[in-house]
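Structure in structure tokens, see below.
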């Protein structure tokens, strides 16, 4: 059955597949308007998983602090919308631009400082960075401190808000997808994989390893920053620890989704995000009160029994069926 | 011929063990130089010391007239000094072509230039060099699936992709099918002549090194035992004693 | 192809997740996201108990008469896990996917803060009983109603008590340690306002992190600066930690006031060292309010205790009152149109076992005062306002070597 | 901020109070961190569920004392039960991640931590719990320095347990087997050591240490189901700073972390206490990496 599907998938050109999915995504909120917000969150999850995979999958650097760029995006956008005095859409656009810019700068600075650190020390450093950022945001009264920030209300007609943010989030997710698709096809992508395979060797072949890592991080940071700005508006409220810098939820989910779908592949994180999000929502609906236990067990099960992820599994299956063709 | 690599009195200690004790060694531009010595005599350590894998405890390494013993691996490599490893290191998850593409000289330049899909001439050169080492047919295969000897050849080709001034080769013939060794010697010589790469080769196989090198240095217990033309070194009684006698 | 198939599965699953249940014509469905897990889950359960108790009682009595039809009430619950992000999503989901037209509030101001923009957007009236932050009522929300007194009122009483008893209130010095969350920061705002009014000086103003279980640094500062009043707010863990460490570090302050000490059961758990502590509360079973549905406040408490085998916390009482407010509004509106119900809600003026309820134009209850307990001989005794006082305030608190 | 610092400098006896209370809190961190260091060193697992084990240990002591068990017996009881919990956890989940990479173990134990958190919430409720031992406080310098006796006892016990474990690892046969396994599991296996059992016992020992730490935490401070994470991240940080298998380092790092945190809370205000600690950790790592760069290596 699976093999059959795999064969069929391979028969379709990638562009056909992408167009089909794109069309589906474009009509989905009209077919099921009550699910628009849910689906917008799905795209957010896709952005999370994809951007995490840039470092975690393609470069072999496991970051637990990527959520920091999301948080910076949330706050940057919110502050612009609060203080700029511009009309709603202008303020939102400016806010998103600033969100992306600040996330980029942060990634360059943190990258230069931290990306020389390898292995689990890097994971720990990013974890510490994420927690520190949340705590600092919670103490800083200019951005609402521990009370958080409420976002301005969307001015459009009833029901249009969901569609608007659905399409903005969809645009970010697709933008992210195609950017990464392009990136992985360049020699930069090769250099990233080289560092993952053997960083010492990559360095001994003259690659600017730290610069490559930093730029890769910055690219994912831009999309996380944008997503943060939009997500803040979708949620309507930013809490420093539970929304913006939420390492224990968003921060961990992005890792899990990428692993579930298959690290280091283009489609893996996308598939992982879709499956994870649906599973999580089903838990919340049908396992009231026990959903966190179920989620915890799911996490354990994923990493113990499925560490290579769906794409990894598919690849292994393909390789066992046929010798690789050029 | 100008002096390309000048190792002056390099000393390296690991805890109480002195792996290199005041080692001096010169390689001139265009030369093929050899480095021999029994197991544990400090040859690979010297390579690592030259390449900047760790700080050295004394002495100085000059490359192309500039001191490099305070630099880290990256800048040293980019100045034109490349090594291969005794235990081959290639990117095993990538295909041979990808291994080659990512190793090109162009990859060492401005990082943003990597964002261009293809750099001019890289693919052609990669294919030429793969053909040169006899791996052209395997170019789309995963490097991790090659045999040890083939990986060795791939690593050599990758090093040539970097267009180094000086290439340090750590036992290029180890693990290679004896029937292919003559071909390899020929390739090393062609790389030297046609591509203008100066070579410093660690080699255990005496026949190989005597045919290949114009100048040989012999290490034992971390010290330079003898140095000179192949014939001189071969006939030096101390070398015979320490090296050949140890066999 | 596989991906398309996956997308179809996704659509199907999401639709299933948003299961649209068939509407029973004779019931009105209220939606509620409460904290069944996470840091607020104790209070979240109190909230749910309060809602359930009122719904059961109302249905027992035949339900709500709207126009000439009688309806039973039913509540759709979700678990918000004590996080605002989740709360906002669930509000959306209740309204969009479950088709709920009226919402009962979650526990804590942060959650209400997150959900209110959503309910406002959809024009769904929300009556809440556990989000008292004053900032909620400054945003001009039209569909938000709160039965409880706002947070800034909580500890004003303590400042008031101290100020009115002092010959020169401007000489008084206040130390404050408030948890860094919307609720406690709001309490802080009320206290600061009152302190300013009396001209008191604030000498310590610390924000406690939510997962702190050690406030010794702050207490050393208090010990050093010797203020006249120490005010602490940080839900149950703040009360627990403060009572315990003030005794451990022998911090002498003439007056100590805090929130949540009754739900943290400081008198029961800590006995002597909890004495003299002032506690802010929304409601107490000893108050003389009453209504038709539950009878006197004490009768409500008895019913609650019988049903749930634990003493009635004020969080449950106010939650029950929220359901009563909805029932009352449905009846008066004579229609189930959310807009009509909202208008009826805004005209609410009723007496309940929980206290009088009348909303001002911002939606907060302006008729019910907060009270202050003092722990006296191991009991919580109402000492403020004067009108309800069961005993006289014991003040000042003697220093530790005399206790 | 500056005035807080001046306040502290002008009142050295109060400064002592701040430092002392911090040191004592640090002892508990050190105890939990010691367990983490053990597991990390022997099983090569970063045990994110550490904090939850501490809290669980606290609940066990709380329940035991509620049932009338005296305090001095509740602690060893909790430690013993937690040994069993650790041993059991090893054979259900942990054994599967022993030879996987560190990252897998981090995620798997994170999943476990959510499960345990939630189960504790279901079983014990989300109320804040603490045990009043009624031992009172010890004070000096006109009451400027006050320290609860229980905190002093907790600190002493933490140090004693650390020392006992160190002696056990050094001299007991089982301890030697653990160290041998830590150094080279394959060689240990060849020498006839049942490495699986050694791992299980090590994880059990970690459980016992957490049980002890938790019991002390519930007696000297407070616990609730969601307070585990701070213990985990602090343990983490202590081990990172101290390095693996360094008992003295762990104790020193734990104590100084506690003291630093309290001083930071005093000077910067409680809201920046945690931010300070984590920013400091990141800075320490950056600094260590910078030092490594000077040795032409990387921190990894």
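By letter and in written order, the chains are A, B, C and D; residue numbering begins at 1 in each of them.
By our rule, contacts are C-beta pairs under 8 Å (C-beta built on N, C-alpha and C of every residue); 3 or more make two chains touch, one makes a residue touch a chain.
Bear in mind the structure is a predicted one, so any value in this text is a computation, not a measurement.
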Where chain C and chain D overlap in contact partners, by chain label: A
Most distant chain from chain D by Cα centroid: B
Comparison of A-B and A-D by number of C-beta pairs in contact, larger one: A-D
Whole-Å gap between the CA centroids of chain B and chain C: 74
Separation of chain A from chain B, taking each centre as the mean of its C-alpha atoms, in whole Å: 42
Between chain D and chain A, distance of the C-alpha-averaged centres to the nearest whole Å: 32
Separation of mean Cα positions, chain D and chain B [Å, integer]: 49
Per-residue overlap in chain A, given as positions that touch at least 2 other chains: 135, 138-139, 145-146, 289, 292
Residues within chain B bordering two or more other chains: 73
Touching two or more other chains - residues of chain D: 118, 229, 269, 271, 274, 293
Set of all touching chain pairs, with the criterion as stated earlier: A-B, A-C, A-D, B-D, C-D
Residue numbers on chain C that touch chain D, as the complex places them: 37-42, 177, 180, 205-209, 211-218, 220-221, 223-225, 236-237, 240-241, 244, 247-250, 264, 269-271, 273
Chain D residues touching chain B - in the complex, by the definition given at the top: 293-297
Of all residues in chain B, those that touch chain D in their complex: 52-55, 72-73
Touching residues (chain side chain A, partner chain B) in the complex: 183, 185-188, 190-191, 193-194, 196-198, 200-209, 211-212, 215, 324, 326
Contacting residues of chain A [partner chain C, same complex]: 5-6, 8-9, 11-12, 17, 20-21, 24, 28, 31-39, 41-42, 135, 138-139, 145-148, 150-151, 153-154, 158, 161-162, 235-237, 239, 241-243, 246, 249, 267, 271, 274-275, 278, 281-282, 284-285, 288-289, 291-292
